[in-house]
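Paired with subunit B in one complex and with subunit C in the other, subunit A is shared by the two complexes that follow.
Moving on, here comes the complex of A and B:
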């Protein structure tokens, strides 16, 4: 194939786009959105079942929906989208060809086959083992086989990504270090390798157990290794969505990192320590020692938290520096007031950043502390926390960058711009409510994974505080709002991709206040903003720290009330 | 150059020294090794060692 047909030049950014990579970004992104739709509908049905006045699904369907929701949104939507991010951050940002496109198609085929297989197995009704699928609960062999194929496919995608880095270095398509967004994608891919290998290590014997070749799988061993996949898969998300934050700041505002070195060190903290947070799922297991638990969560995990707090300073700091360079210098927050809040990519990204830090980050550290974890372990607090990280953080960030991917990669104009402008706000308010009210119900003791927390047919009754039921009702109402935001996203994106105005081959786009060349310079090259004059960001970080400390000690106070030490 | 000593050897331009951390961060396969080894040893192997030391219950 000739060079001219293998690549096109993006008229907006001037970047050379490998057509094979472009096609793979498209198919992975489309698959991701389809699984978001399926998983989102299951999620809405779960929230409506938890709402006591509605209690939508019968028990069997509730657990089936819980299994499908977990797989479709926590794995399928997010990892398909991350494959698109990996191909974008390697081939497109590094201006090179994609290594081994045929293997990349094998990645897509295997992941799609695996995801369909797992969904069909769940819908048949004999695999309602929930996302965690702890033995001795046993699913259909097709369920485990589907997960294995999905994991192998994603591993191939990571291999293609690393291969593309080698191609770019070998063909000298960049000088010095890779751009920061690509480095964030490297972090995500490294965590993905550990994650997917852990999944394969535990799911292969579980599959053999399901077809009768192995007599049993030790539940604690399963839990330990499975969470190497189950929780670390969410750490791939964290790395990927932080990379997406930097990318959106760069493309929309031309924002360069305040310090490349500091941001890269924060990603290094992720590479070394982020996966260890998996241990917080085993904090009440008697089979592993306190040394293991405390080292993995309260020592090493805090270094990863430090990484997140650095990004929480540097991403808004980069935006503030870029805005101040444009002249928005009045007072502490003119840069923020005059930010492009009508641009769905920017609005979604900034709300993702704030909610990930304030809701997901703080609650994550609280849950990762062995002692105060006891207050909320296995309660609704846990899904409340991870809806703040995975949905408010990752999903909202991925939705936000879609508003840039559709015009830049699909070459289609965003249809219904007013709906697109509103969408991140509707979704963000909905998901903030879901997170807060589930965490509230969990703090009052409401258990997760229960179809009926009134325990109506249990031998021994237990009465939760009426406030817990109120919170579940509010959770249901906000879930409807989040579902509306999700539906608006899918409507706008699907309509734009299939029926949106086609953008001409030489037509330049204006994706934000930054010009295309400023955007390309910020996103696809190494470089610092070179200023520390970010008083607004420093103030916001101060508010964050005060909230963090207060909430942390409030939880110790709760613990002291439950377990008086005299 | 006029007036310069023709016998003096040209010293090669000094190569910019790349700091250790930058070299580390630019070596993606070393990072891959570290990122897989750390959790494998600290989370998986340490945890598995503890679980296999639990005595098996006897009826």
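Moving on, here comes the complex of A and C:
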């Protein structure tokens, strides 16, 4: 194969696209969407089982679905998509060939084999151990082996990504420093290596235990190390979806980071501090000291939270600045009112940003406070929180960028544009409801991973307040809405990819008011101190901060009403 | 743009916008406030976990529970003995598939040293409707000084998945006025 045929020039962005990278982005994205579909259906069946009036699944199936749902959407959908993001942020954004495409195919093959193996093990019914698989609860060896293969595959993907960075630097395919989005992807990949290594450290002995070569696995040690994977892998998502926010802002609006230095520093804080998050799962455990809990749960005095709070200013700030540069200068919020809300990429991205901050971020910090965790640990508040971060944050951001990936990489026009326009709103409202009502049910004490809070078959009963049941019913209704939003997404994307109008090799796309070189011209004059005013963003951030402080102390007040414990 | 290399080659020397500086300082200070609030609560708050925990073999813990049941059972309720241990004493509560064993009767305003452990899988001790939640591990014995301040009947739910009967795992604590 000659060098010339290995690349095509993207007529819209002017980027040189390596065809091998393009194919790998495609297969990983397709696998991701397939697992989103499977995992999403399991998720819907869980919400419908929690809804007291429906109570869809029998207990055995409920716990099976819960295990499969966790694996398919939290690991498979997200990590397959992240592999696509890594290849995009390295080969495509840096105009470079992908390093070792054969290894990249090995990444895809191993992850797919692992994901299928884990799914089959779960569906066989003897591995309903939840996604977390805490010992001494034991799954079939195939379940652990599937997870290990999946992790090894992802690790190879990270290596290909790093290799591509080296090739790009070596072959001088870009000038100066890597783009901010690539920098965010580097952050994600570094965290991924730490995370996947933690997974291997604990899952390999657990696998040996399941086939009888090791007599026992200490449950506390397992939890500590496992969450080095379980929680830190969510920080891969955070880094990846923040990178996606910046990417969509740049592609759709031509937004330029207010300051490269600040945004990159915020990513660096993720690398340095996010890994401490395993402690969030050990706040009410025996055998771990309070000082360890306080230091680790706060990511060393909230330095990683600081990183997210910085992005919370700089992402909307960059968008406001870009909009104002285009003349949307009236009042405080014209830039936001006149933003391209009809473009699903932008709409999804902005709602992802807002919900991640207000719902996911605040609830996460509050729940991760050492003492406050006492009134939230393992209640439905926990899934309420992480559906706001992982679904409203990551999944919605990934859905949003798909609307750019399909025309740019798959070279197909988005079919049913009206459905695509509505999709992020339907999904966002659904997921906001799911998060809020689960958090509400958790505040009332509702346990997570629980098939029947009426305790109909239990030896002694306990009556939860009717409000808790109402919350679960509302959770079911909003889950249907989120499922509808998910179905719209899958329908539009699959239809576009297979039957959408082909985009010619020289056809230039209009993805937003400013794309490519036009955008560079539009934003050339700001970006440094003095010329830039972002009062709207300052107001939004102010509202966020006040909500954060109030909600934080309200929960201390709830805690103070408990029986004294020492 | 964020998808192209920085326009300023020497981007790390660009001045930082005032809004960004102010927000970084505010957010950093808020982080410190939250950090020291946790430490402050250990000194002045009433709801903290002790750092007292022991490694124990499940059968040893079961023996301690049996001993307490033999000494202080006041009545039987279905399958469960109801135990009323003396105020200030060591109280043992055991998680197992699928019950919290035994039922306890405590006095309002008195302190107890509550020992929690499991003899099989991990369980989640969730006292309702108060909403006090603790993780219970097999092989680890956790000790908490607990002072009930409200009377009534409290349910214990399991909120860590422990197998197909997980949703049937319950228990009960009664809190009564001192005679």
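As a convention for this text, the second predicted complex is superposed on the first by the 545 of 566 C-alpha atoms of A that agree within 3 Å, B and C clash if a C-alpha of one lies under 4 Å from a C-alpha of the other, contacts with A are read in each partner's own complex, and residues count from 1 in each chain.
In this section, contacts are C-beta pairs under 8 Å (C-beta built on N, C-alpha and C of every residue); 3 or more make two chains touch, one makes a residue touch a chain.
It should be emphasised that the depicted structure is a prediction, and the values quoted were computed from it without experimental measurement.
After overlaying the two complexes on the shared chain, residue contacts for A:177 are found with subunit B and with subunit C alike. When the shared chain is aligned, subunit B and subunit C each come close enough to touch A:287.
In the superposed model, A:334 lies in contact with neither subunit B nor subunit C. In the superposition on chain A, A:218 makes contact with both subunit B and subunit C.
When both complexes are overlaid on chain A, the residue A:413 reaches neither subunit B nor subunit C. With both complexes superposed, C is the one of subunit B and subunit C in contact with more subunit A residues. Of the two partner chains placed by superposition, subunit B and subunit C are both touched by A:261. Shared interface residues of subunit A (contacting subunit B in one complex, subunit C in the other): 176-178, 218, 220, 261, 282, 287, 289.
On the subunit B side of its complex with subunit A, the touching residues are 21-22, 24-26, 28-29, 31-32, 34-36, 38-40, 42-44, 46-48, 50-51, 54.
Subunit A makes touch with subunit C in their complex at residues 13, 59-60, 63, 66, 93, 128-130, 134, 136-137, 174-181, 218-220, 246-247, 249-251, 254-263, 282, 284-287, 289-290, 294, 298, 301-303, 305-306, 309-310, 313-314, 317-318, 365, 369-371, 373-379, 443-445, 447-453, 455, 457-465, 519-520, 523-524, 527-529, 532, 534, 537-538, 541, 545, 548-549, 552, 556, 559-560, 562-566.
Of all residues in subunit A, those touching subunit B in their complex are 162, 165, 176-178, 183, 186-187, 189-191, 193-194, 197-198, 218, 220-221, 224-225, 228, 232, 261, 264-265, 268, 271-273, 275-276, 278-279, 282, 287-289, 292, 295-296, 300. In the complex of the two chains, the subunit C residues touching subunit A come out as 1-9, 11-12, 14-20, 23-24, 26-28, 30-32, 34-35, 37-39, 41-42, 45-51, 53, 55, 77-80, 98-99, 103, 116, 120-122, 124, 126, 128-135, 137-142, 144-150, 155-164, 166-172.
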